C-alpha cells in the first residue's frame, strides 16, 4: 500500500480527515529533521499580543507539536515542529483578563492561512491584477534598496501605515525621519481622533478614556458600540458583565443613544434612537446645559424621556457617559465629543480616567492622501486605503501613478495588489510583537512578547527588513534598534516626534459646546436616507475579512454569514416591497452599490446601515469579490477642525433592484421568538 | 366464475407464462434502465457524500423517509386485505388475494431499502441487526429504528411465506404441464406437491394460522413506523394517535395501490373474465370508507392542535395550514378526500376507470401526507432561531422515481413467471350442487354482493 | 406397488372412495389426489385433524421467550444508560418480544406444514400428472388385497392403473 | 463523589459578541463549510448565540441566548439511537461516539434544541490550516453526527491532572472553550454535585430557568434571565 492509499484510508476511517484534505503529490514530500525542542503531545502555554485591533489584549497561546508543510531552503517538505493551536486571553493581562473576542481568537488563522504569502513576491502582471511571482529575499531587499537610492529627493518617499500599533508606528516614523522622508500617513477608517482632540482640550490628554464600568450604576453611551466594535472591547465587556451582575443588589443600568441598534444597544436596558449627529445636544440637555424642549426638536427624543434619564443620572451615581462610533463621525463631531465631556464633568467623572500611555495623534488633514500625488516611491504597511478610503480621495489613481510601491503585507489585499514588490512579514506568532494599550484598564502598560513558534514560511519580520534596508543604503542609515526584538522591548513611542502632526488644540475663540448642525453630503431631496456604515463585529474595518472562522461567524444581530447587506427599517421595507435577501440599489453622490437587504427592526425609517468589511477586490480565496464595500459610497466629508473623516455624514437613496439571489446567507430562521403571536386562529 | 370452464381458466391464467410479446421486453428494458439509473444515483450519492441531498440542519429527514413510510404503507394492501378476506371467507377474494399479496412483498422490499439509503454511512447499515457489532455492543432495543428492523423483517418473512404457500399447488400444475428446464424449476418450487386431501387440509389450516398471525403483525408494522415519529418530542409528531392514524393511512394507500395493480393486470393480461367490475366496486367502497376514515383522523389531529393552541405545535400548524407548505397541504386534502369521495360516493362514477382515477389521486395525496408529516415539523421545531427550509435535490428525486419503476418492474416480472391469479383457489371457488356439501362450507359468492 | 383410478368429477371419486371402504380398505390407506381442495365431498374431509395449531402456539411461545431473553441479556451485557430509562426497559422490549412471538408462530407453522404435509420429499409417491388436468385420483398404496381394490375402483367407473 | 458537570448562562451578562462561537471552532476542530454549504443550512456551530427581536421601532428590544447541547439528564437524543452512539456517561454527559454513528440523524430530530450537526461531506482544512487542529479532539468523517461535548477533552485532562496531584478538581479549574473565552463571564461551568461551586450557586438563583423545561428533558444548563430596569 503506497502512501497515497494510506492517506485515503486514514481519511476514510476519519482518524485524519485533515490529511485527506491535501492534494495528490504526497509521495514527493520529504520529511525534515524535527525540531529538537518539541515534547510530543504535551501542550505549553506562551504569552503573546493580539494584533487585530489597537486594544492590545495580552493573549495566551497553546503550543503543541504538529506536522507542518513548509519550504526549507527551496525544498518543500514536512517538518514536525511546535505550532500555535489556540489563542486565549492572558488571565494576568489587565486588558483581556483571560477573555478574548471572536476576532482575536480567529487571529491564529492569519498564521495558517492557505493564501498567506510564503516568500517575497515581485509583480508579474498588470497593477491591481494581483499576479506575482516569487523571488528571493536577497533580490527583494536589493531591489528595494536600489529603488530608494534611485530617489533624487527622499521627500518623494511616502509611507502609508495604520495608527496605534505600538512600536510599529515608531519603527516607520523613525525610518521616515532618518531617511528624510515625510512622516508616515497613518490612516484608519473608523478613527477616534476627534475624541482624542476633544479630550486633549477637556482633560489635556489626547487619548481615549478608560471607563470604570464595573463600579457604574448608570451608563449613557452616545453611539459608542463599546461592547462590540469600539474601544477596548474585551476589557469593556468584562467590566460590563460585572456592572450588571457582580454586585449583590446593585445592577448598573445602560442607556444606549444611537440611530441604529448595535450589539451594545441590544444589551442596553434602554435604547434611545436619535437623529444622526444630534447626540451632543442630548448630552448637553442631560447635563442641564441645553433647553430640553429644544433638544426634543433637534434630537427627536421625547422631552419626558430626556427629563427622566437626566433625573436617573442625577440619582444613580456613580454614572458615566461614553461617546464614540457614528456619533463622532459627523461634521459636528468635535462639538458632540466636547458636549459629552461636559456631561461627564457634570456627573462628577470619577469613573473616567486615562491609562498611562504616550499620547499620539496621527497625521490628519482633509486630504490625508494628497501627499501621494507627487510620491515616487511608496511603502505600505498593514494599511489598505484602496479599500478603506473614500473614492473621492483617489487613492487608487494615485497608486497607479506612483512609479514603485513596496508592501509588507502577508496577503495580497486591495492595496498590495498595486505593489511592485511584497516583502511579507511574519505572523505575530512567529515574531516579536508589542502593544501600547491606550485604554481599557488604568493599569495597562505597554507589553511585548517573543515569538511563540518558528516561522512556517520564508517570511521576515518587517522591523528586521527595514533595519537591513536602511543599513544597505548608499549612505547607510542607523535605526534606533538592532532588530525586531529590541524594537518590541523598547517602550519609546515618545521618541517619535509627532508634534508637527498635531493640529492646534481647538481655538479658544469659538465655544466648542455651541450646538452646530451636522452637515451631510447629498441633498435630502435627492438622497432621502442617511447612510450609516458601521464596523462589522467580525471584520472590523475589513482587515479580518480573510479569516474563514469570521466569515462563517453569524452576525450577532442579523445572523448573516459570508455576506454583506443593507439594513432597512421594516416599515420602509414594506413600503418599497423589500423582503430579506431582495437586492437593493444604494446610491450616494459617489456611486451605487447593489446589495441584499436585511429587514432590521432596530433602525429608524429614514436610515439605512451597512457593515464595512466585505467587498474586497483582492483578499484571499475567502474574501475576494465577496459582497460590496460600504466605504466606496462614502463622500469625502470631514470634521473641519481635526480633519477626521465624517463617515456617517453621507446621504443615499435606495431602490429595489430585484428578488433575492441567494447572496444573503442567514443562519437564523426567524427574527422573533413567537412569530405567530399576532395571528388569529 | 362458474361461467368459465376449468380448462379455459387454466389456459387463460397460464398464457402470460407461456407466450411473450415484444411489448414485455420493451417494458422491462425501459423500467430496468430507470431502476439502474436509480441505483447509479445512490452510488453517486455515497461516493460524493450525503450532502448531495437537500437534507440540512434542521431538516434531517425528508424525501427518503417519506418514501419509506409511503412504500411501507402501500405494502399494507396485500397481505392485510387478503388475510382479512380469507378469514371472513369472502368468495370474491379468490381472484384478488395473490395480486394483492405480491404488492406487499415488493413494496416492503422497496420500502425497507430507504432506511439504508438515507443513512449517513450506509456501508455500516448491518449494525442495526441484532448481533454484537462494534466493540461487541448489541443494538439499542429502546430505539424505534431497531423496532423497525424486527417489525419489517417479521412482516416481510410472513408476507413472503403467506404469498408462497398458496402458490405451491399452482407450481405443481405448471410443473405437470411444462417440459424441460421449466419443468425442473417449477418442480423444485412445487416442493413435490401432489394434492392429497391431507396436503390440502394442512395447507388451508396453515393459511388460516398465517392469516391470523399476519394481521396483528401488519398492524404493528405501521404502528412502529409511526413510532419513529411519535417517540420524538417534535411538535405534531409526539402524538398518541399516530399509530392508528398511520395504519389507516397505510391501508388507504394500499387499497389504492391494489386497485391500480388489478386494473392494469385486467387490461394488459386480458383477465376481464376473472377481475370483474364488481371487484373494483367492492374495493372502491373500501377505498371510500378509508378516505372518510383518513378525513376523520386528520380532522381529529388538526382540531386537537388548534384547540390546544400549544405554541410549538401551532408553529407547525400555521406553516402547513397557511404558510409555505399550504399549497401542498391543500393538494393533499383534495387528493385524499375531495376527489376519491366524489368519485366513489356516486355509483355511476364508481366504474373501473373511476376507481383507478381515485386511486392515483389517493397515492399522490398519501405521499404528500407523509411528506407533510416529516418536513414541516422538522423545519419548525421549538427554537424559532433554528428554523430551516428544505429543497429536494436531483439525487433524491431520481431515486424516488426509480422506486416506482422498480415496483412496476418487479410486478411485471412476477406476473410473467407466476400465475397472478391463484388457479386452484379460483377452481375451488365454484361448487357443484349446493345440496352436496355441508352448511359451514357456504361462502359469500361473487355477484351476491348486490343481487 | 400401488393401484389407483382417475375420475372425472367429485361424485365419481366419492363412489370410488365409498367402494374402497366397502371392500375393507382402512381410511388412512386411501389416497385421494385432486387439483383443488374437495371439502364439498365427504371424502374431502378424510383426516382433517392436525396438530398445526398447537405447533404454531408452541413456536410463538418459543419466539416470545427467546425475545425476552435476548433483549434483557443484551441490555445487561453492556449496560449503557440512555434518556434516563432503566437499563432493562420492558416497554420498548415488549415490541421486540411481540414481533419475535409472531415470527416464531409463522415459521413453526410453515415448518410443520412442510413436514406433516409430506412436502419437499425425495421418494417417488403415488401421483399422476393427469390430476393437473382436472382428474381426481383415488388409489391405495401397496394394497393387501389388490383384486378387491381394483374391483372397487372399477365399480366406480374407471380403468385401473397400477405401478 | 462522581461529578455532574453543568453550566449557567447569564443572559444579563451576555452581549452576543460571538467569542464563544469562534472559541468552540478553534477548540473542537469544527470545519467551516463555506458559503455555498452555509447557504444550504449546513453551517456548523456547536454553540450559537440566538437573537430574538421584540417590539417595533422605536421601542425595540433584543435578546441574546447562547444555545449549545443542554446535556440533558433525560435526553431525547439518546434512546432513539440504534447503535448507542449517543448515550449517557457516568458523569451525566451526552456522549456522542463518532465511530459508532451510522448517521440515521434520528438523534438530531429528537433533539428539541436543534444543537446536533451532521457531516454532509468530509471536512477540509486547506493547508496549512490543518496545523491548527486540536490533537485532543477527533475529526469527524462524512455521515456522522456531532455536537457540543462540554469540551470533554478538557474535562478529562483536568480530572487526570487532579488525580495525578492526588486532589479533587478545583471549582473553575476546568473550563470549556466557550466559558473560558467569554469576557463578560456570562458562561460559568462547574460541578453541580458540589453545592458550593459557582455554577451550583448560580443555578439556585431565582432568575434561573431551563430551556424548554416543559419538555422534561432535565437540561444541565441553567439560563439566568435578563433583568430589565426602568
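Letters A, B, C and D mark the chains in the order given here, with residues in each chain numbered from 1 onward.
Rule of thumb we're sticking to: a contact is a pair of C-beta atoms (placed from the backbone, for glycine too) under 8 Å apart; a residue touches a chain by one contact, two chains touch by 3 or more.
The structure presented is a predicted model; accordingly, all values stated were derived computationally and were not measured.
S.K.: Looking at C-alpha means, what's the farthest chain from chain D?
M.R.: C
S.K.: Of the pairs A-D and A-B, which shows more C-beta pairs in contact?
M.R.: More contacting C-beta pairs are found at A-D.
S.K.: Please indicate the chain closest to the centre of the assembly, with centres calculated from CA atoms only.
M.R.: Central chain is D.
S.K.: Measuring centre to centre with CA averages, how many angstrom lie between chain B and chain C?
M.R.: So the centre of chain B lies 29 Å away from the centre of chain C.
S.K.: How many Å are there between the centre of chain A and the centre of chain B, using C-alpha atoms for each centre?
M.R.: Going by mean C-alpha positions, chain A sits 63 Å from chain B.
S.K.: What is the distance in Å between the mean C-alpha positions of chain A and chain C?
M.R.: Centre separation, chain A to chain C: 88 Å.
S.K.: So which bits of chain B are touching at least two other chains?
M.R.: Touching at least two other chains: 137, 139-140, 142-143, 146, 384-386, 388-389.
S.K.: Could you list which residues of chain A touch at least two other chains?
M.R.: In chain A, residues 559, 668, 672-673 touch at least two other chains, as defined above.
S.K.: Please output the residue numbers of chain C that touch at least 2 other chains, ranges allowed.
M.R.: Touching at least two other chains: 80, 82-83, 85, 89, 92.
S.K.: If I apply the definition of touch given earlier, which pairs of chains qualify?
M.R.: A-B, A-D, B-C, B-D, C-D
S.K.: Considering only the defined contacts, which chain D positions touch chain C in the complex?
M.R.: Counting only chain D, the residues touching chain C are 73-81, 84, 86-88, 218.
S.K.: Within their complex, state which residues of chain A touch chain D.
M.R.: Answer in residue numbers: 11-22, 41, 64, 66-70, 83-89, 96-102, 104-106, 108-109, 111-114, 227-228, 233-235, 237-238, 240-242, 244-245, 251, 253, 261, 263-267, 269, 271, 273, 456, 537-538, 548-554, 556-557, 559, 561-562, 569-571, 601-605, 621, 626, 662, 665, 667-668, 671-673.
S.K.: Hey, which residues of chain C end up touching chain B in the complex?
M.R.: Against chain B, the touching part of chain C is residues 9-11, 31-41, 43-48, 50, 52-53, 56, 70-71, 74-75, 77-78, 80, 82-83, 85, 89, 92-93, 95-96, 98-100, 102-103, 105-107, 109-110, 112-114, 116-121, 125-127, 129, 131-134.
S.K.: List the residues on chain A that touch chain B in their complex, please.
M.R.: Those residues of chain A that touch chain B are 559, 668-670, 672-676, 679, 681.
S.K.: Could you pull out which chain B residues touch chain D in their complex?
M.R.: Residues 48-51, 54-61, 115, 118-122, 124-125, 127-128, 133-135, 137, 139-140, 142-146, 149, 228, 231-234, 378, 381-386, 388-389.
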